Each structure stands twice: as C-alpha cells, then as structure tokens.
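All chains are identified by letter, namely A, B and C, in their written order; residue positions are counted from 1 within each chain.
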Amino acid sequence: MTFTASQIALLISARIEGDPEAAVGSFNKIEYAKEGELAFLANPKYEDYLYSTGASVIIVNEKLELKQPVRGTLLRVPDAYLAFATLLTKYQEIMSKQLTGIQQPSYIASSAKTGEHVYVGAFAYVGENVVIENNAKVYPNAYIGNNVTIGENTIIHPSVSIYHNCVVGKNVIIHAGTVIGGDGFGFAPQEDGSFAKVPQIGNVIIEDNVEIGSNATIDRATIGSTVIKSGAKLDNLIQVAHNVEVGNNTVIAAQAGVSGSTKLGRNVMIGGQAGIVGHLVIADGTKINAQSGVSKSIKQPNSAVTGSPAHDYTSALRSQALSRKLPELEKRIKELEAFIRQLIAERV
Amino acid sequence: MTFTASQIALLISARIEGDPEAAVGSFNKIEYAKEGELAFLANPKYEDYLYSTGASVIIVNEKLELKQPVRGTLLRVPDAYLAFATLLTKYQEIMSKQLTGIQQPSYIASSAKTGEHVYVGAFAYVGENVVIENNAKVYPNAYIGNNVTIGENTIIHPSVSIYHNCVVGKNVIIHAGTVIGGDGFGFAPQEDGSFAKVPQIGNVIIEDNVEIGSNATIDRATIGSTVIKSGAKLDNLIQVAHNVEVGNNTVIAAQAGVSGSTKLGRNVMIGGQAGIVGHLVIADGTKINAQSGVSKSIKQPNSAVTGSPAHDYTSALRSQALSRKLPELEKRIKELEAFIRQLIAERV
Amino acid sequence: MTFTASQIALLISARIEGDPEAAVGSFNKIEYAKEGELAFLANPKYEDYLYSTGASVIIVNEKLELKQPVRGTLLRVPDAYLAFATLLTKYQEIMSKQLTGIQQPSYIASSAKTGEHVYVGAFAYVGENVVIENNAKVYPNAYIGNNVTIGENTIIHPSVSIYHNCVVGKNVIIHAGTVIGGDGFGFAPQEDGSFAKVPQIGNVIIEDNVEIGSNATIDRATIGSTVIKSGAKLDNLIQVAHNVEVGNNTVIAAQAGVSGSTKLGRNVMIGGQAGIVGHLVIADGTKINAQSGVSKSIKQPNSAVTGSPAHDYTSALRSQALSRKLPELEKRIKELEAFIRQLIAERV
C-alpha cells in the first residue's frame, strides 16, 4: 500500500514543497531511508542527513531554512515530530481496520460469540462460551480457553494462551507467546518430602488499556483473581504470580518478577530483572531500580529503591560506592593499626 | 455446570443448614463471592464476611456459632478448609474427565499411538512414533515431536513444544508455551572468531509427578539426557540447560536458571531469579535464596545460601547488613585518623 | 533408521575391528550406551567403560591399546572425538534433508513464495508476500507475518512467531516459542499519569548463521531495525529490546537482557541473567559476567566486568572478597577505638 505526498499532506495538514505525486510505502529513519520511504527531520543535529537521504518524502519543520537543495518532496508542518507521530497512529489504524474476518481453518466452539469486525486467524482456538467483542483481533495459533471474554478493540497476538475463565478488557494488547491464567505455583509439602498440588481455581482479570509484552506469564489466582489494573504496561518475559495486583498505569520492564499476593500501587515503575517477594504492599509511585530485590513492603509513596536486598536509592548508592572503596578503607585501618603498634612499642 | 447444596453435601459429608436446592456454578473467596458461587469460612478472622457475603452456599466448621442470620445455605463439616480442598480436587477431576476425544483439525502421524480417553486438541501436532498413554491430554496448538512418549494422565497445555525423542512420565503437568528438548547451547569457537554448532543429540526425560510452569525451557542433552526427576516442581520462565539433573521433589521458583551439567540433589529449594553455574553438584535439601548466584558446588546437605556470589545464609546476611553501615564505618575511621593526626601534632 | 559399522566406517574413514554388520540407530555416552547404540571413547579417563559398555559400535583412537576384549565393534580413527563430531553433523544433515514438503492443514497466503525443498509444517501460518527460500524449514504452529523473508537453510522451530516485515537470513536457527519483532516497549507519559503507546514501526533483521534459543524475545525497532549480526548466538529466554544491535559472533547466555538502543560489539560474551541498560556502547570482545548489571558504556575492547552495578572484573572481585571480611574490619575498628579511648583516659 503506497501513499503520495499530497495524500499524506492532507492527513497532517502540511504544505508541499516538491513533487506532490512522490509515493512512499514505508517509514524509516532519515539516515537510512531509501527511495519509496518516508522520513522526518525534527532534531537540527540530523540536518545533514536531509541533503543525503534517499527518502522520497520528508516531513520537516515549517521554519527550517534549507542550506542545499533536497532530492525528496518536503512536507512542512509546525512540529515535524508531532506530525510524524500522528501519521504513524493514523497509518496503524488504517492497517488494523483492514484485518477482519474468520480465517480458515480455525476452531470456534458453537457456544462462543464473536462481535462485529472481529478477526480470528487461522489455527486460533476459541473455546466454549467465549465472548470476543467488536473489533477485537485474535491472531493465528492463539488459544482462548472456555468462558474467556476478550473486550472491544483488543489484540491477541500469535500463540498467546489464555486459560479458562479469564477476563480481558478493552483496548488491551497481548503480544505473542504470552500465557495468561496458567496455574499459580502452589504446593503443599507432604510428610514424605513430596508436594501435593493446591488447585488453582481463580482467574486473571486484565482491565482496559493494558499492554503486555511477549512470552510473559500471568498466573491465575488460587481463589479470586490476579488483577492487572487499567493502563498498566508490562514488558516481555515478565512473571506475575497468583493473586498479585498490579496497579493503574504501573510500568514493569522486561524479565522482572512479582511473587504471589503482592499488591503494587498506581504508577509504580519497576526496572528490568527486578524481583519482588510475595505478600508485600508497594506504595503508589514507587520506583524500583533494575535488578533490585525488594523484600519488604514500601509504605512511603514515591519512594525509590535499589539493590538486592533493596534499600533507599540514595543511601544504597552511597553504600555501593563505599563498597568499591573497601580496599582503600582496609589500607587506612592497617595504617592506624601500625601507628598504634608503634605507639605502644614506644611507651614500653 | 451447576451443583446444588445437597449434591455438594453428599461429596463432602456435610450437614445442610438452609435451602438444599441452592445452586452454585463456581468458587470464590467469601469476601468477594456473589450469588451462584460457593465459598468457605475456616479462619475466624473472616467471620464478619459470613454475614455480608453474597455466596449461595458456604462451607463452615461444625462448631461455628452464628452471631447473625446468614443469607446462603451452610454446609457444616468438621474441618471447613479440608472439605473445601477435597471438593476442589473432586471438581477438577470431574471437569478433567469430561475432556476426551480428538478435536479436528489436528495432526496425528499414522505411526503414532494414542491410548484410551485421550484428549488431542485442535491444531495439536503429534509426530511419528509418538505414544500418548491413557487419559493423557494434549491441548490445542501443542507440538509433540517424533518418538516422544507422553505418560498416563499427563497434561500438555496449549502451545507447548516437545522436541523429538523426549520422554514425559505419568501425572505430569506442563503449562502453556514451555519448550522441552530445544538444543542445548553448545558451540565450538573457531579460529576466525565464529562459533560452530555442537550437535545436540541427547534428549530430555521428565519423570512422573513433575509440574513445569509456563514459558519455561528445558534443553535436550548434548549426548545422554537432561533429567527432571519425579516429584520436582518448576515454576514459570525457568531455564534448565543441557545435561542438567534436577533431583526428586526439588522446587524451583520463577525465572531461575540452572547452567549445563549441574546436578541438583533431592528436595533442593531454589528461589526466584537465582542462577547456578554449570558443572556443579548441589547437595540434597539445599536452600538457595531468590536472586542468588551459586558459583561453587555445595556439599553439605540442607545448607542455606544467599547473595551473588552466594555464601552461607547467616554470614552473608551479616555482611550485607554491615555493607549498609559502611558510611558509618568510614566516619569512624576518619575520626580515628583525626585523633592520631592530633596526637602526632602534639608530640612534635 | 539404522546404519552398520561398515557404513559408518566409510563416512569417517575408519578401520573396522569386529563385526562390520553391527547395526546402530542412535548415539549415547559410552557409560550409558546400550545395544543398538553408537558411542565414542576419546578421554582415557573413561577407558574402563569401554569394557562394560553395551554399545554395539564404538569409535576409538587409532593408538588405543586394549587391556581387555570389547563386546562391540571398534572403529579406529586418528581422532575419535573429531570423527564423532563429524559423524553427528553428517547424521543431522541426512535427517534434515528428509524433512520437506507442505503438510496439511497449513496456511500459506497466495502472495507468499516458497523455494525448493522447503518444509512447512501443519498449522504453520505464512502471511502475505512472505518469501521462504530454498531448503528452509518452518515447523508446525509457527507464525510468519506479512512481508517476512526466511533465508536459505534456515530452521524456524514450532510456535515461533515472527511479526510482519522482519528479515531472517540464511542458515539461521530459531528455537521453539521465540518471538521476533514484537513491539518495542515505548510509551509516552501523559499528564493524567497514563501512558500513550509510541507506534513501533521498524523491524528486526537477523543476519546469517545466527542461532536463537527457545522462548527468547527480540523486539522490533521503533523506527529502523533491531539487528542481530551474523554469527551471533543467543540462548533461551533472552530479551533484546528495540533498536539494539548485537555484533558479529557475540554470544549471550540464557535469561540475559539488553535494553533499548544499546550496541554490542563483535565477539562480546554475556553471561546468564546479566542485564545491560539502554543507549550504551559495549566494545568488541567485552566479557560480562553472569548476573552483572552494566550501567555504563564500555570503551576498552576485551574488558571483563562483573557485579551489579558492573565494574572491572579484578577489582570487583577484590571488593566482593573484602565485603565478606566486613565483620572482621568492623572488629578491628572497634579495637582501635577502644585503645584510643584508653589512651585518652590515661592522659586526663
């Protein structure tokens, strides 16, 4: 699908400078763009690329003064970055709307209900009593277990598995390979040293506007629900254990893990590979640094912690810096000891 | 599927107090339960919820004395928690038995053998010479490579991939997205700086009663077998490298990793995000704390270690605490130095 | 499929000692091998097993002098290990060549192009304009999004998901469950505390001879490309964020993560569970220890770092060792203080 400079100019209210029929089919960075691609120039630092780029169409700021002639067609707007972002969003909406219908072969149980403009890809499995609301998309090879609800406009990418009874809200995006509603890790130790499985009969509730990355795992509750509240954003390979609650607009970076029954507040930010032990309460606005290990509840909102075990950010950094000075500290202790020994020798 | 209070009473030998025809279709915590749901009250701390819950049926202890009238039907038993757990297990058995048969379209190689009461979901792939024993379940989109055996009552969840020649025992549960038998990470460095692949021709053997979480990876051995011994429980997103041996009833929490050829003893417990380097031997009953990095073999059974690199739990905690006191220790050294300087000045 | 000792002898130019018709169908370690299996003896430490092994055929060094009679047929070669490795590689080539054709049901868009001797497994999804070059293999339940190219001899294992527009080179192996081209983790904070998605419109380019383990995630670039350069080897459960560049022959062990826009040089080695923050440049030949957290660019080629935050390997080890001596250092400070106090008392 290609667009001409004049079509794009209409979408972003731009003034055209050059050939209005110049056509583009994809986007690229200005330094890499080739013929048939669209780029933008917002940061003056990159202006040199404007004169060497192969891009056929370039969005630039209204006020930019050219130092040399430019090969491609310019689209002048008040704010080139904003116009580019707007264009991307519109482009993705157009592409996304084109994807509807039920591809064959797919498996949709007779008791399942699908709304209008829904996409169900080939080899997707939709179980009994599933509800897929309007404009939702279920990509190929996804598995939607019995009694699951998928809200409006939600996108379930390939090979996602959603176990029975889970609830997914509106405008949610779940990336490929992620597992929602697998059994929580609950076992009762037996006298002979073995472990008996504790049935996990709760579910997972994912509220509206949540995005979850690829190959993440969100376990179902033992009883009740594991809840990901609206607006939360979770990166790839994240572990969320049973009965956890992730607060509104909380952001969790890749490979972090949250243990069972912990409650994260609103607007918490968790760095990559951080871990949080079970049964804690983490206050709103807490910032947890990458690779931290949080072992105690955090009650003060907007705290910042780092380290494993995690402590207050500033004091932890000071301790870390001093631990690098340990060889020097040891030397100073030795010098003091030598002096004292000498002092004692003199007094004798 | 709904059950009446009297049907449930029969299953758990309860005495009915209230409407024996009250019907329930699911379970919930007493504080959240709504009409049509079953709850239980074991802990007296939650008794207030008994009078406000919407649950239609509530399992309570025989001896409980009511302070107010209760809306739902009560089922009185000697031990409410035990009765509830029994009920869950029976419920899951009933639900599980209903799932049998070969859904279409699925792919079952002509040389594969499937036992009685087996379930093979739509879009499941069953390769040449595969054996699926009685009552085993292979969910949709799972891949069972050539020559794999799946034991009795074993459950393979959606999108699990089991590479060729692996062996899975009885009563095993493997959750969605997990990969069994991918190639071990073996490469021989070449003179030009590149790496040549070392063929990985072994397999993975998973013994009976093992449970493995979602999106975990258990690599096949270079030669021989990677072995997960009976009763071991592995959580989500765990890495088990080639030729590792995981001992009986060993428990590994989410996102932990075990490097190549390491042998874990029986009843070892490994915390989340811990890592163990290759070619080690870890004694029976060892406890490895979350986020630890174990770099040496542990010979003493029932040891406890923490930290990265990991050391004896008690002494590591003391060092960690002292490292938090480093700013204070440095201040004390400074004071000593100042005093000594003054002493020297006085002597001159 | 079985081979006789004489057939194998031809493949590796061996001299036969014993029954040339002895047949084997699989490989095993000499200590575990049973009848019908082939083993090798390279390390003299294992010579005892030669006399007890059940292997039907054993590859041994030309110079080996037998101390006892051996049951199986010996194949004598100058270097037993090398001959064994050669044999494995040839065996895998033979097995691999047998796998061709399009299994049904699979989904191949009408605009997709498939080369010669290609394998597309059942339930694999191949989108619009996809190109699958000669001898490439796409296993069951894999998802190949629109406009993706899969190079010659490349193997895509089961349940791999490759999003639209990504490019995979020749002789690449991607193991099961891995996700290529999922959206990068990019969100713009809004005034109300929520986050707006930043469209991720770039792609992933995987060059030739790359191997990627199971359940890894390689995110597409925001604009431009995330690039895995030729010869790089990535283990299981690895996270590579948007716009990262992984250099030639760089090796990354399991569960490590690289944050957005970081550039890794050539022949970098990254240990398991290590993390690297975003927007860094890591010099060629850098060695990053397991569980390290790299927070600054590394400019000096062939550096070695460890710890979180990571520092120069040697000095970090010294600090780690001293931090274990902290209780002793504190004791020495106390003794100095006691002495000084006594000194002061005496002077008064």
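Here is the rule we go by: contacts are C-beta pairs under 8 Å (C-beta built on N, C-alpha and C of every residue); 3 or more make two chains touch, one makes a residue touch a chain.
What you see is a predicted model; the values in this text were computed from it and never measured.
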Angle of rotation relating subunit A to subunit B [CA atoms, steps of 5 degrees]: 120
Same-site or different-site touching of subunit A by its copy subunit C, using the half cut: different
Approximate Å spacing (C-alpha centroids) for the pair subunit A, subunit C: 25
Multi-partner residues of subunit A (each touching 2 or more other chains): 105, 123, 141, 159, 177, 215, 237, 255, 273, 308, 323, 326, 329, 333, 336, 343
Interface residues, subunit A side, partner subunit B - complex: 105, 107, 123, 125, 141, 143, 159, 161, 163, 165, 177-179, 182-183, 185, 187, 193-195, 197-199, 201, 215-217, 219, 223-224, 237, 239, 241, 255, 257, 259, 273, 275, 277, 293, 308-309, 311, 315, 318-319, 322-323, 325-326, 329, 332-333, 336, 339, 343
Touch list for subunit A against partner subunit C, complex: 26-29, 32, 85, 88-89, 91-92, 103, 105, 121-123, 139-141, 157-159, 173, 175-177, 209, 211, 213-215, 231, 233, 235-237, 248-249, 251, 253-255, 266-267, 272-273, 290-291, 308, 320, 323-324, 326-327, 329-330, 333, 336-337, 340, 343
